[in-house]
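Both complexes below contain chain A, partnered by chain B and then by chain C.
Up next, the complex of A and B:
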């Protein structure tokens, strides 16, 4: 690669671009204004011949920075995947000709649009460098699994089978976790009719036989430091001895603890031994060892069992859990079968408000319970009144709409799960935010989830000792899009620590997390980013001389990638970084940049459009669109030929979090009439691929109004929106609305 | 209280669900209802029932014997089969409704003034005589079902239609005297008797221990 920059511009005239746009004019703009070394036109650039033409120039050392002016950067990126050079793309197809009408009147403004995109791409390319991996990378295939329950054992075995050795750290003296406490499990195989044996014993045997899995019992993780590919983990045993191992990635399968039923005095828990939780019933069944379970208070035969669903769950009462734990309805059906299968004469009644039986076999299992004669009553239990011979369960029958009662020898409470997620790094921050929202008290139901928590991972990160939590203490991950990812790269949570689940789901979860951990070590070994910019070689660096040690980058990085050195300068851990650019957006002195994405690559694009003067009646609107959702939505608008204003110039950004407010100020100063920021949904049900990026951007932009007032500009000129990938109609509409607004309030006074 | 009713109360004590399973046509399906309410929402007459099917099934499970068996609800079923088609648990709801009505009637608990109940009795009485429905007699007995005055009024109202039917030979006044019958009336009556025996045996079947 040449040291000196040589910029080649390649303009495609295929896909109708040549018919609608003047290619020779664009060539001229590229060389004269964009300062490209040369410009070439091809009528089918993504064809083999077109690609070969570019590759030949690269091989000949003719080009170090290429501009490909053709379709969207989201299209044909296999064809235009050139190594060792910096590539920028001008979107003439989805971004220009497909969103503009093919009419004579529109021709001029459409051409202006294309010309600007050529200028922008040239100036972007000029500030880009081909990213090279740093020397931080290392390949370490060893995985750490924290927790030896069903999830941890499954994850370790799955990894070992794939050739990645695993070390399980288990706090107690034996493997098996909560599942080890069960007499039987909810069936996971057709016909889903009867309780099944748990796989705990089999898994333990498998682990013992597998030389790739090491087990440390009575042990905890005393310290975790480093980054994916090079974690140093200190394992402490109960006896006080410690040892250190090096691992490439971590799977946290720390499971759950059962809800403390002492908080349910209304159900007579603690007042009579005949009221038990589901977990305690498992103990009774195991202890009976095949014989009939007797009434705990007096050893009498049991003839009536009542199951109280959602005990202390799905409730907004203080000390209760507000969520559904998901496993307990199926568990009650299973437990009712313990009795029915032993003696069909025993009456078993499940009192539920909504019977929820997730999982493939759930409905069949429910039906099987009904077939066996388990009675299901839709109602809400208000109270259990202990008696000397049997107890009275008072409830409201929701179908018959009446208060009624039923007798029971044994009452089983379906209490929920609390995640063992450790200490939330952002607990203080969240509490402060909740307090700010006056009137609305912090979710009382959550209080129980955060009492006397111990750290699980003891991360030596500046941003706290454990992975961040989302709601109710469960670890933060995107349920649908990227379930196993946490906000700490290379650390994957699986099982009930992530969300409430049963054995079958936990095993699936464990397998998924093992796969993600394998990805992480492999990517780290090659110096490449993990999800969602997986494979990206660029990473952030900062100019130390300029840094004011303000710490915004370390605080705002959603993934805790940045530590601090002794001199209190930020230290970027490349393999912990997801390449979102949030740090770059946060830095007030703009010293953070990537090789191929920086304040300059975007800033230069903003400044180098052709700005018509005030009397031309041609406003300019800048759109900074998140490349994950908003930009594809606009591309799809193009594919659907949904028109939008020709006055807009769209620049994709890695994440709205990477938007530095200087871009907005620069845009306004250089005469743009409006600026639109399009990012993903923020908040608890975020869709932001970088979790916090969009939220941080919204916060930053909420402060832009002051700047606007200083400049004497209307606040409507800068808008920030949450845009989903499906907003194919809405995204263009937002642009057109801005165009209308400008028509109303007039052009910006800042044109030169 | 009929003897049979007394016997059944004695036999099943609190377990009305079991009683229904044993004695009501398709009654063993009742436990499979998952209380979704689709049947009640689908029934064209649902809003007019005291207890739509979903509720009846819940009442059976809750042991509300008296309330269920004396209810007019299952007599409201028009056999449109909407509920059967839609029930996600595939309960033969229509059949259970008729089964419940039938069982209530056998126990002597059915509501005597319910029009469907009354009509069914007239229809039955009319049918068993000759094995064929005598439309003229059935019609007239229906007109007079609710007393003489209303009967005369209805008859006068319907006179035009009646005459028209006579004229076009859709109805014969001769039916009033005797009327036609199936070929083998004796055989028909023997069949009815046999059916009654089978049913009695079924009731007895669970009589021993339950």
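Up next, the complex of A and C:
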């Protein structure tokens, strides 16, 4: 920074801070030790007068880096919202006076706590710069939609309606996808009584009429490179010609393929043409063109149809799908109605274990089926025995608790959906992990889903050609609160590639994905981070001279954001980056930093606390806490006046993944007696918002024991915990336990 | 609140639950001006009262923290709490909403220090905990309430407690003269995300919710699990505080029932499966769960979770619609009566505690809807061109779980953006 740094420290004495702490001492510490240009005290800093005081200093050019020593960084944000300067918050309220008893005895250690937080905030501020947009890319409103089924068409149209042009790349020679194969769809409007028109033709017409939607048929994506706001996409046609377009974001709507019913010989599939899948029945109905569907084997009238639900689904048999495809119960009701509506005399029986027609419309449709005379039988089909004139469906009737059978002219298998996901970049990694977990046999259903896959996006990314998959081959998000977040920024998956779903949900999903794609291009255009640090302008840069090209950052980035250039240096692709800092934590030579978050902003805080000597019996415990979960939990502990040790110094981190082990060794070398890392849950049900951050931190810290042994320190001095935002009572307990441990094992010998 | 500037390019979001928050944030972060109106004193809606989400068993406040941070960082978004939309006039691209704002009696000066709550003595039923405990007349609704600002219960106004609160506040944050306000707000498009409420379990007479202490609702159980909830996180019986180790769940309590809610509420199967893990978590092998159900609707990958619970020998599934619940007077045990339809066996099972998996009904009565909009017989908003620039989001449109509500709300944000972009195009 060319401008001279001017650091202003603003200490609030409100909310009891002034009663409990010596503000003039803190002022002195800020200026003398923290090297603040000046320090000011206000008895109600978040008031208009307090804020005006700070703003006046900013306007007068008196302050470039500010320390607000008041409440938590999570409180009063609307007041302490200053533009274009770097701000550090010292948490004197939730982090000091609210977690300490108001007693004479506690006064000294509480004051020391506050003094240290002033020092730490000053040194953090000193190393911070207000982030500015990099101007790495401009706004590109054009979207790529991969797949021209109902999901892709909806996404493209909805984006176009908002003023964002879209190009659809469709592998086949026509739009419509699997929905185009259907005779009718499950109704999506009240009264949810009858099968409805699919509206596929209307959608196609709408697309053709919309000048903002371009369609490339018989085409695939040969290569995708770049980042949100500046993707270059190479589109290859069947004839071999290619063209390149520039897009801002990508929606992957590559849909599903039906389960291969040949894997169900027990249901006589393939042995008689009278056993069909739901999709094949749609073909028959369409081919009949309004006339009655005849028995495929001999063209005879059909008088009995049996639907076998969960065919090859919800089953752990080899080759079966373990999950439920969600749409098939309603689809069978709809198909039974094809027959009932044409001829009420045809018997239709749906054999199910759980009839799954959730929501408002589903239940109405189920009732309508019952009213039309569709028979629903709770049972498990064991076998379909083909006959010369009709077939025998053997099943266990679960209500009557007996084995029985029913005759059928036509048997319809409700088989499931398999996602067209492309290649899972982490398939090998996952397989290795599964193998390692002894006895943990990989889900057999998954095997089906991952054979013989071609890449959909052909991403030119260091970490693989497609979007990572979650379970069963679907590209779903792990997050309940943020369902669209894939692990590739600016690329959103929608429709049954993401999760099994019906047309109604796929259309909603497509519209939502279009929203996210638009959100991504708008933010990329402004240099802002996407989810979850939305709006963050800071981004990682690295000092090239120091880089050893070890590739840790490119390998560990949970979002595959970092590529390598020809000289094998990392390229960070700002708009692909989520700003978690995992690369910074990974870097062994510490050359990666953000403007306002770096090895120095945290390292300087660690090193600049006042370290009492060994005989003072005042240990120091460093806590590095995830800012989204552990830190709020500690704040809420304060809110509820749950006490914890005055010997602790807490530093919030963007993600535990950003913790560079140098911080831990620095802490130990400068005399801290204990270090606690608090991150989010890792593993299959991870809660880490940067997916891998917490897990990587745990792995890195598992190796810290060697360092401790080299230093001749006890391994209990460094602990890594999974802490949830609700651990309001547990987080303080963990701190107190560390204090007790230190009391037991003694002070660190590294005090100077 | 009158300082909100809204134009016909503003998106008005009605309801600050997870759906409204999502729609508001997606639109605001895309550069649109958004006003979010919430009836309660804080945003977050029903998810704030849940202990865990299915199927990850993670905590709703974790994602909410992210969303609240997004809100704090976004200048395009204005939040109006304790406010209700009473009318919307106009047409697509040009709406005027009438908004009634109830007095909070606490202004923006509030630092969240809690001195007012310490000073006030009166206590009232705590609606956040479904009235299972009491809260002060000056209160922060819950730990993470956003805005982090206290509320004065209107019932203390005019009492000595009000003056005590005012006196205790050093920051001039208590304003006892605040009055109900009605404001008009322009908007180009509206996202209607008023969400759901639990069905009134007292109406299901045979289940005795209003007569039997140890019959509770699923939403009450969520509150009991919270360490800051009415029982301090203890899973105990309301009648005698004894540990509730043998717990029954009754599915479709009010749902899929012509006498109550006709629709399937979608979430209740997964909710009970999730809650069965609570009992096992608290009491491990001493815990015993029975789930009385019609169909277990654990669609798509939720099936994995269902399987995991099914594999638990301490969880029993009984396919039956429970006919009635009676109280065993001596033990206080609720006894479930019915017929197990798998094999047709008559049962009379006593449990420590019975949890009714109550259904979702739309928060706003369909006969009393403030806006002219197409609503189906279950009270959910239908997607219809006649709705113009008013779009439903989340469980105002159907019984949805959080994941689907967020998905739907994200889509609705785009629909609203389409309108305001059109307005901007025609104007600019």
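We take it that the second predicted complex is superposed on the first by the 738 of 752 C-alpha atoms of A that agree within 3 Å, B and C clash if a C-alpha of one lies under 4 Å from a C-alpha of the other, contacts with A are read in each partner's own complex, and residues count from 1 in each chain.
Everything below uses one rule, namely that a residue touches a chain if its C-beta (ideal position, glycine included) is under 8 Å from a C-beta of that chain, and two chains touch if they have at least 3 such contacts.
These numbers come from a predicted model, not from an experiment.
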> Is A:362 touching the first partner chain B, the second partner chain C, both, or neither of them?
Replying inline: second
>> Contacts for A:672 in the overlay, against chain B (first) and chain C (second): which applies, first, second, both or neither?
In response: neither
>> Looking at A:461, would you say it contacts chain B, chain C, both, or neither? Reply first, second, both or neither.
In response: neither
> Does chain B (first) or chain C (second) touch A:399, or do both, or does neither?
Replying inline: both
>> Once chain A of both complexes is superposed, is A:371 in touch with chain B (first), chain C (second), both, or neither?
In response: first
> Between chain B and chain C, which makes contact with more of the residues in chain A?
Replying inline: C
> Is A:483 touching the first partner chain B, the second partner chain C, both, or neither of them?
Replying inline: second
> After superposition on the shared chain, which partner residues are touched by A:259: those of chain B (first), chain C (second), both, or neither?
Replying inline: neither
>> Let me test your reading of the model: by the given contact rule, A:572 touches which partner, first (chain B), second (chain C), both or neither?
In response: neither
> After lining up the shared chain so the two structures overlap, which partner does A:15 touch, if you call chain B first and chain C second: first, second, both or neither?
Replying inline: second
>> Can you give me the overlap between the chain B contact set and the chain C contact set on chain A?
In response: 355, 378, 399
> Tell me, which parts of chain C touch chain A in their complex?
Replying inline: 18, 25-26, 29-31, 53, 56-67, 69-70, 72-74, 108-109, 111-114, 143-144, 148, 170-171, 226-228, 256, 262-264, 266, 295-304, 307, 319, 341-344, 376-378, 380, 382-384, 398-400, 402-404, 406-411, 413-415, 417-418, 421, 425
> Once bound in the complex, which stretches of chain B touch chain A?
Replying inline: 17, 31-32, 34-35, 54-55, 58-59, 61-62, 64, 89
>> Show me the residue ranges of chain A that touch chain B in the complex, using the header's touch definition.
In response: 355, 366-367, 370-371, 373, 375-378, 397, 399-400, 404
> Given the complex with chain C, which residues does chain A contribute to the contact?
Replying inline: 14-16, 44, 46-47, 71, 74-78, 158-159, 161-163, 188-191, 314, 322-326, 354-364, 378, 398-399, 401, 471-472, 474, 476, 478-484, 499-501, 505, 508-512, 514-516, 518-519, 522-523, 532, 534-535, 628-629, 632, 636, 639-640, 680-681, 685, 687, 689, 724-726, 728-729
